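Each of the next two complexes has chain A plus one more chain, namely chain B in the first and chain C in the second.
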Partner chain A sequence: MWDIVFARVDDRLIHGQIMTRWLKGFPAKTVIIINDLLAIDDYMKSIYTMAAPPGVKVKVMSINEFVEESSKPGEEKAFILFKDIESVEKVIDAGVNIKFLNIGGVAKMAGKKTIIQSVSLNDKEAEILKDLHKDKGVEIYFQMVPDSERLNIDYVIEKFFPKLK
Partner chain B sequence: MKKKFILIITHGDFGKGLLNGIEVIMGKQNDVVALGLNLGDNIEILQMEAEKIIKEKQNENKDVIILVDLFGGSPFNIALYIMKNYSVQVLTGLNMPMLIEMISSINNISTDELISTGFEAGKDGIKKIEKSSLKL
Partner chain C sequence: MSQITILQAVLIAGWVAIVESRIIGYTLSGFLRFTAVGTGLIVGLIMGNVPQAMIIAATIQLVYMGVIAPGGTTPAETVVATAVAVPVALVSGMDPAQSIAVAVPIGLLAAYLVSVRFFLNSLITHWVDRLADELNDKGITFASIILTTIITILLFFPSVFVAVYYGAPLIDAFLKTIPQSILHALTVVGGSLPALGIALTLAVIGRKELMPFYLLAYFSSLILKPLNVNAIIYAIIGGVAAYIYVMLYYRNAFENESTIQENEISDITKKSNNTEDLGDRKVTEKDLKMTWFRWWLTTEVPHSYERLQALAFQWSIMPVLRKLYNKNTEELKEAYKRHLVFFNTQGTWGGAPILGITLSLEEQRARAISEGKEAPDPNIINATKVGLMGPLAGIGDSVEWSTIMYLLIAIALPWAKSGNAMGALFPLILFPLITYTYGYYFLKMGYGLGRESISVLLGGEKLKALITGLSTLGLFMMGVLTSNYVSVSTPLKWTISGKAFELQGILDKILPGMLPLLTVLLIYWYFTKKGLKVLKVLLWMVIIFFILGWIGLL
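Presenting the complex of A and B:
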């Protein structure tokens, strides 16, 4: 079982100093990218492993691989990273325990509402997050980097998606 | 000598600003374009924009060199996604000395030599100035 020190959604995955800054507050030697498409693409995997922050090992796993590994014994600290919100839901539905979830990067698109500068959500994504919070007790917050503005899920639903309440 | 084209991809307006600064020194540049990635931008859209430019330039029989600001950053990731399907070369750590040297020699040397020139100029352009080395 992984000891998940930090879970984040960022569609840019590992980029620049962003990971390094979060890793300072949530130290882990392993960063796991959980994404079905990347897990079968050795070329893409090599990009993220090449640019890993110093002293950190980057693994890329499919949802199933991650869920399977999570059921094994052990307490290795891991920092986990998702490209999309749907994958988080699948992992939690499969029984993996994620207590805190940081939403740090979801690109703007037509029909989405901008929550913080780096995160925009559509109704479906907001509903998934609301359900993960209400039904599974996941603490969800929106924050780009450790010292930027932080909004919690209750506030975001209330302000941007009042119909979902 | 094969013609070259330089595609700059950076965080925010860094690349555009750098190019603007260089044009102050060297005049208008036709073989260089700068794209920027801002917070909330979709990286797939920027990647498509970059690929469109690359296709166009390769159709004009030019070699394309991509310069990015930061190893491991999102513009770097985009450049490497592009590298999977396109024949391009990538340099990281874009700075003014690198770009000035590359523009100065762009169509005078081979593409590989141009890459080496940019690589060396980028590193050599960084100097630490000690006050003690100056006569006061």
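Presenting the complex of A and C:
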């Protein structure tokens, strides 16, 4: 159903950087936010859909809805956003083909290591990413906006989570 | 060659420092930080040569078209680049295209200073937390607003002063020593870089289906070049074309939607009026106006990575919070603290409605508490702010900065290129004015309608039609700018059996204006296939065009 041109993990979901720096560089007509909580919040769902600038369609789906839609035929170009790394794991495990994953925003919390300015990871998240990369062949890179520092998963594991190697 | 006086360097450095502190208003400081024309005018006044300053600033502006800073990030600080490059160019009599060689590196370096600023501001945030706990309004004002402004001024003033006062003669001397071939290469680079800015703006406005308007404008203005058509005429023609397109495309919206939307609005207003049977509202129109002014003035002043706009948000509603919670110091403290948590959005499209909605929620809470009734959960207030700030930033950044601001600049750029101060005054006055006005309207709607205001503001087709119209006009103006200000041409000529051939002449016979157009479209294609990697493209363009210019191909 989807030709995924860009996939990103950003706990702030849609915001300025997404709409102006990323989306314009991978112009797909449909932006899909994959998040279970948001999918059942009618008010916020309508906000995300309405606040889409003209020329862009925004859809909000739960993980299951997205997996289901993905198995349908079609090659609609899609730009997908996840709120967290666990959601990506679920979607890929369910069989959706994501080749490149951008990790752009994960908030800093206790027990997390700061990887780039906007992304901090704990051991569990790092392990999930490592497995997705090694076992499922997903190219994973950390970058906030196209011009900022870009690190790939191998480098990050090596430097920040050497025990996981 | 004349010298830059100490006074001039001081004034220029002071200007940059004040703009970087962002205390002069969200859209005004944003305009001045990201664009060159405003600073060009000021530097022109300081140096006593407005026309030439405007011409140089216009050239720099073309390179920096499309530069905005969502989420507090910028690839380059245009204000610093312009404030250093223009005096240097004025004093050394440099060709405007060569001034770009000075502007670009300075802009990149200045971006590092902005990171330092973020770090320094973060040192203040914890102090403000403590002041909030003490309900020390004056202290909060000092720490969040005044001290942060002073810190930024102290950060930028010395570096810009040194760059201007000592840098100018240095750069001038350096330029006098380099050979002609390198100077020519620099001119080639400078002539081509506007293609970058224009391609970026095309990508950032991002409506592929509207690109025909770009081509239409490009070739029309190419043909009409000898007639020296006034910039405003192009804007009007573009406006008419955009209007026709929008009328046709959104025809249904204008025929059907208007009645539907009007009914919706009156329904929602009736609903909100009914729920407000809890006595008269404490928040007055004056309060709303003051809140909007406070927010607009200080949105990014206390900027730090940890809280971004939070401190400004809290400071903006502080007086109203105090009024609402009155004697209840514990509740007031909680209110202060809950508005110091991380907050980031686009100042007008996100900030204004969220401020209004927040005020209405806080008022409901305060009233319920004072009447001894069950008060709405305070977590809802923050959840609403956090939920709305993202998507509203998405549309705000793409409409206000990427479309409206650059459209105004594009219309005025021909004036700037011919040395006219209107090139700066037109966008400088209109942009803050327009955004301040509709921003207040957003805030008022947010307060009056609460959460429903977002559907009213964003839900209608009319807004989408308006934005599409502006985007169309923006692309149109980019076409006009491309034909006039992107210089890519080849001096290659050769002779075959006594007959001279000029490559440029041959290209012109096939398709006039081919090289500039191809340059822009190539970069645009790259941006939309590989992403908006502005710095990477900038670097490659400088290298490629320098080499091509140096070996004489261009």
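Everything below uses one rule, namely that the second predicted complex is superposed on the first by the 162 of 165 C-alpha atoms of A that agree within 3 Å, B and C clash if a C-alpha of one lies under 4 Å from a C-alpha of the other, contacts with A are read in each partner's own complex, and residues count from 1 in each chain.
The rule we apply is simple: a contact is a pair of C-beta atoms (placed from the backbone, for glycine too) under 8 Å apart; a residue touches a chain by one contact, two chains touch by 3 or more.
Values in this document were obtained by computation on a predicted structure and should not be read as measured data.
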item: Chain C versus chain B on the shared chain A, clash or fit after superposition; value: clash
item: Which of chain B and chain C A:Y43 touches, first, second, both or neither; value: both
item: Which of chain B and chain C A:S120 touches, first, second, both or neither; value: first
item: Touched partner set for A:I14, first chain B, second chain C, both or neither; value: both
item: Partner chain in contact with A:G25 - chain B first, chain C second, else both or neither; value: second
item: Chain B versus chain C as contact partner of A:A110, first or second or both or neither; value: neither
item: Partner chain in contact with A:A51 - chain B first, chain C second, else both or neither; value: both
item: Residue contacts on chain A - larger count, chain B or chain C; value: C
item: Touching both chain B and chain C, residues of chain A; value: 12-16, 43-44, 47, 51, 53, 117, 144
item: Contact footprint of chain A on chain C as seen in their complex; value: 68, 70-71, 73, 75, 203-204, 206-209, 305, 344-346, 387-399, 401-402, 451, 454-455, 458-459, 464-465, 467-468, 471, 527-528, 530-536
item: Interfacial residue positions of chain A with respect to chain C in the complex; value: 12-27, 43-44, 46-48, 50-55, 117, 144-148
item: Touching residues (chain side chain A, partner chain B) in the complex; value: 11-16, 43-44, 47, 51, 53, 107-109, 114, 117-120, 144
item: Residues of chain B defined as touching chain A within the complex; value: 11, 39-44, 70-74, 76-77, 80-81, 84
